[in-house]
Amino acid sequence: MVTSSIRVLVWGENVHEQENPIVREIYPKGMHTTIAEGIAEEADFDVKTATLQDPEHGLTEEALEQTDVLVWWGHAAHGKVAAKVVDRVLARAWEGMGFIALHSSHYSRPFMRLMGTSCSITWREAGEKERLWVCNPGHPIARGLDRYFEIENTEMYGEPFAIPTPDEIVFISWFEGGEVFRSGCTWKRGNGKIFYFRPGHEVYPIYYHPTVRLVLRNAVRWAKPDPEKWIDSCPQIPADKAPEPITIKGPRIHKEGEAGFR
Amino acid sequence: MVTSSIRVLVWGENVHEQENPIVREIYPKGMHTTIAEGIAEEADFDVKTATLQDPEHGLTEEALEQTDVLVWWGHAAHGKVAAKVVDRVLARAWEGMGFIALHSSHYSRPFMRLMGTSCSITWREAGEKERLWVCNPGHPIARGLDRYFEIENTEMYGEPFAIPTPDEIVFISWFEGGEVFRSGCTWKRGNGKIFYFRPGHEVYPIYYHPTVRLVLRNAVRWAKPDPEKWIDSCPQIPADKAPEPITIKGPRIHKEGEAGFR
Amino acid sequence: MVTSSIRVLVWGENVHEQENPIVREIYPKGMHTTIAEGIAEEADFDVKTATLQDPEHGLTEEALEQTDVLVWWGHAAHGKVAAKVVDRVLARAWEGMGFIALHSSHYSRPFMRLMGTSCSITWREAGEKERLWVCNPGHPIARGLDRYFEIENTEMYGEPFAIPTPDEIVFISWFEGGEVFRSGCTWKRGNGKIFYFRPGHEVYPIYYHPTVRLVLRNAVRWAKPDPEKWIDSCPQIPADKAPEPITIKGPRIHKEGEAGFR
Amino acid sequence: MVTSSIRVLVWGENVHEQENPIVREIYPKGMHTTIAEGIAEEADFDVKTATLQDPEHGLTEEALEQTDVLVWWGHAAHGKVAAKVVDRVLARAWEGMGFIALHSSHYSRPFMRLMGTSCSITWREAGEKERLWVCNPGHPIARGLDRYFEIENTEMYGEPFAIPTPDEIVFISWFEGGEVFRSGCTWKRGNGKIFYFRPGHEVYPIYYHPTVRLVLRNAVRWAKPDPEKWIDSCPQIPADKAPEPITIKGPRIHKEGEAGFR
């Protein structure tokens, strides 16, 4: 049924794919397309894509209004995402849109703005093995998984990961080279559910990995908005609309129209 | 002893004081000065002030480097605070500087950036009574307080307050007109401790209130940095510096200097 | 459809109803029955009741196994709930069963055990007015509510409420007598979602209040288990089942069967 | 200066040391003594020990009243700790006493009661290597540490660790055999600060490890009580002591002395 489907927008920076033949070979239609195909494996997702190169990066008011969950992959061009588009993404997330930040998007503008921290990590590109442990086996994002899953060949991200304490940690990674990382973390910002998921470097075929794709689908399902979307823009509640009567006191009362009135 | 004092910088927007005679009458030296005097009542605080009108708003690299806790009051001119200064305040907070946002500073750029939410409230100016309840009586910010304290005559702020779940709530307000508000909340962002404290409209003499001043001193003491200041800028850990040996696998290894390398 | 209904068990202490004619007049079939009727107003809930007086308090292994969400009302007889039943309730909550503690159940054994704190409050019985503010308007528990709702005539509960920081606060109450209270709070313990909801003294007809009943239905829907129920009992992972090879080192290896082996 | 010293009580179960010659060889004076010696390396700690075999396990009202931070090691005899002593430890923690649970004390009664979860882990005894990463480099518990430290030879604990989301995570462990674990976690319960620290099996000489000892000292310093100790026992605030006047309404008012009155 159309009305109950979850509307997903996969946003890809789409820069490495244009510039790096290795990436183009792995992801000939762009990483965003492969990510979108992985999500679309379940029938109740209605999945679209958008890229940096689209007008307004494909993130117009209309596009966001019709998005339940926005999935974001960026790396080389974080600084090219227009500030007003970032503001728009945040406003829609506060309203309830889910936001899933993938891999190097820890440094994307929307994610950093949602976190309020530096989002720094340590890293190494040595094609090493990663094992992602499920720390929260009852969490809907871990649905269908065993105790862990592995990625044979990947970039390493290491702690300290400079994020606010997550509401919940779903995955922690073990790396062959000796590091660990909080690879699946959730937060809430306004009405919007936020998920960071580490796997996904551009020169490894990680978005073809069946468990990575399962986690993405689980995460989209978890992040879809609750029905309520009420969000305020700082409303005044005048004294005659106050729930209780107020005894106005003294001379220090601000008058509408005075200098400095909000 | 000089070395153990806590270095406080009180930042005031200093706009209402210039434009509104009522505010000038209440705070003839500016609200920032009164706030600073309230903090300086305890001998181990070394308190300075800065305003929007100062070069770089008085928030140069040097000034911030020498600040342990930054106290912020803004309202009419949030949009005039330069973006690069906001970035600088955040970077220093992540390093460990405490940040205390007062009253209408819920909508200040640094606070909104630290929260990642809309920070919306409801409000009313009717000179009504506020009663602040201590929800967390063992918290250092509530040190020396009884079960509650009152402000006879103030602006109302009401829920919903659009913030991420606080780490701890120290105060919840009851208002004569019938609303409630989470008036004292803490978070951590990077190494920096953040405190939001509601009292303080410009047309009421609230920063002369002895309990408000006590809370400010308690909050500054709570928010002072821990000794460690280590913060990362996304360091690479090369394969030959990895803690464990790595078996480099396959052809999908990214080479330094390739297009798209970070 | 039977298979998709949410199985709710409303547990009532059922003591005041037997001993206090005022309570019996208000709740002639017992408070648990009225609470259950309020939840059963939506067709997809399958609601049962149990009381302290039932064998094993009606909380046998079988009963709990068939319960998705347990709603708890207790007051005068907290100490009469058998320890092994409390252990059973906790084990089932960790597995995923939702647990909703009502009003004076802040001091019930299962709730105190789930919190790990004293759960103390302040209180007053003076038939005063309570106004519950929605702090989290997008939360599913607040679905269908306006900014606030009121209870004309109730017992007061005041801060400090000695609970761990809630994951989310849905309601904060304003009381006519001047207090405030975190009246709707959520936590997670294991896989189980926990909700505390303040309204509901025995000598006021609060469980007939349509908004209170709506909140209960919303809360049950929110607290229903996610599909995954995996829970561990401290499994050993032998060395030959470890994901990576281990170089056994030195003499300090514990042997199965030695004294002190777990 | 005596008055400013931190009073530490190290509690050891002291069972393995009596029964297992390997443990006795490593810890001839008992594990509790070695732990206490490690903490006492800094002059401002006043460190005592107590064991299961002492009257009331050495945890009398007087002993706890004079304890700022209680450090707990248990394993084989969790079930032998008297329920009333557990209640006493919790009450004192709520009042402000710090509580540090070591290693197998994840399953100790006081820790499980403070958490409200099953506290289950996975485990393996194979003398493997553990590397503890600092996730929160500005945290006082990590003071003086580098990015990580290692223990050559230890028992493994693996995720999922069934705890409530920690307030902060200080350490995550990497294990040679391929697992990860949240090895240093903080919570607050009432006024008391709680720290869980994983290292420390009885058949490895881990409490002689200089970094483990440094972490213990840092943790004790972090967990010491704030000055305020106010804790409630559910006080009634009578109507004539309410902050605001109350208009008593209707007949449904409970009378002191009626059946069912609290």
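So that you can tell them apart, the chains are marked A, B, C and D in the order they are listed, and the count of residues begins at 1 in each.
Throughout what follows, contacts are C-beta pairs under 8 Å (C-beta built on N, C-alpha and C of every residue); 3 or more make two chains touch, one makes a residue touch a chain.
Since the model is a prediction, treat every value here as computed from it, not as a measurement.
A.B. asks: Considering only mean CA positions as chain centres, point out the chain farthest from chain D.
C.D. replies: Between chain D and every other chain, the largest centroid distance is to A.
A.B. asks: For the pairs C-D and B-C, output the one whose chains share more C-beta pairs in contact.
C.D. replies: C-D
A.B. asks: So, what's the distance in Å between the C-alpha centres of chain D and chain B?
C.D. replies: 31
A.B. asks: Indicate the whole-number Å distance between the mean C-alpha point of chain B and the mean C-alpha point of chain C.
C.D. replies: Distance between chain centres, rounded to whole Å: 36 Å.
A.B. asks: Counting in whole Å, what is the centre-to-centre distance of chain C and chain D, each centre being its mean C-alpha position?
C.D. replies: So the centre of chain C lies 26 Å away from the centre of chain D.
A.B. asks: Can you list the residues of chain D that touch 2 or more other chains?
C.D. replies: Those would be 131, 137, 158, 160, 165, 167-168, 174, 178-179, 188, 190, 231-232, 243.
A.B. asks: Spell out the residues on chain C that touch chain B in their complex, using ranges where they run on.
C.D. replies: Within the complex, chain C touches chain B at residues 131, 133-137, 158-161, 165-169, 172-175, 178-180, 182.
A.B. asks: Give every residue of chain B touching chain D within the complex, in rising order.
C.D. replies: 96, 131, 137-140, 142-143, 148, 167-168, 174, 188, 190-191, 225-232, 243
A.B. asks: For a test of understanding, state which residues of chain C touch chain D in their complex under the given definition.
C.D. replies: Within the complex, chain C contacts chain D at residues 15-16, 19-20, 22-23, 26, 75-76, 90-91, 94, 104, 107, 113-118, 120-128, 152-153, 155-156, 158, 160, 162, 164-165, 167, 176-179, 187-190, 201-205, 231-239, 242-250, 252-254, 258-260, 262.
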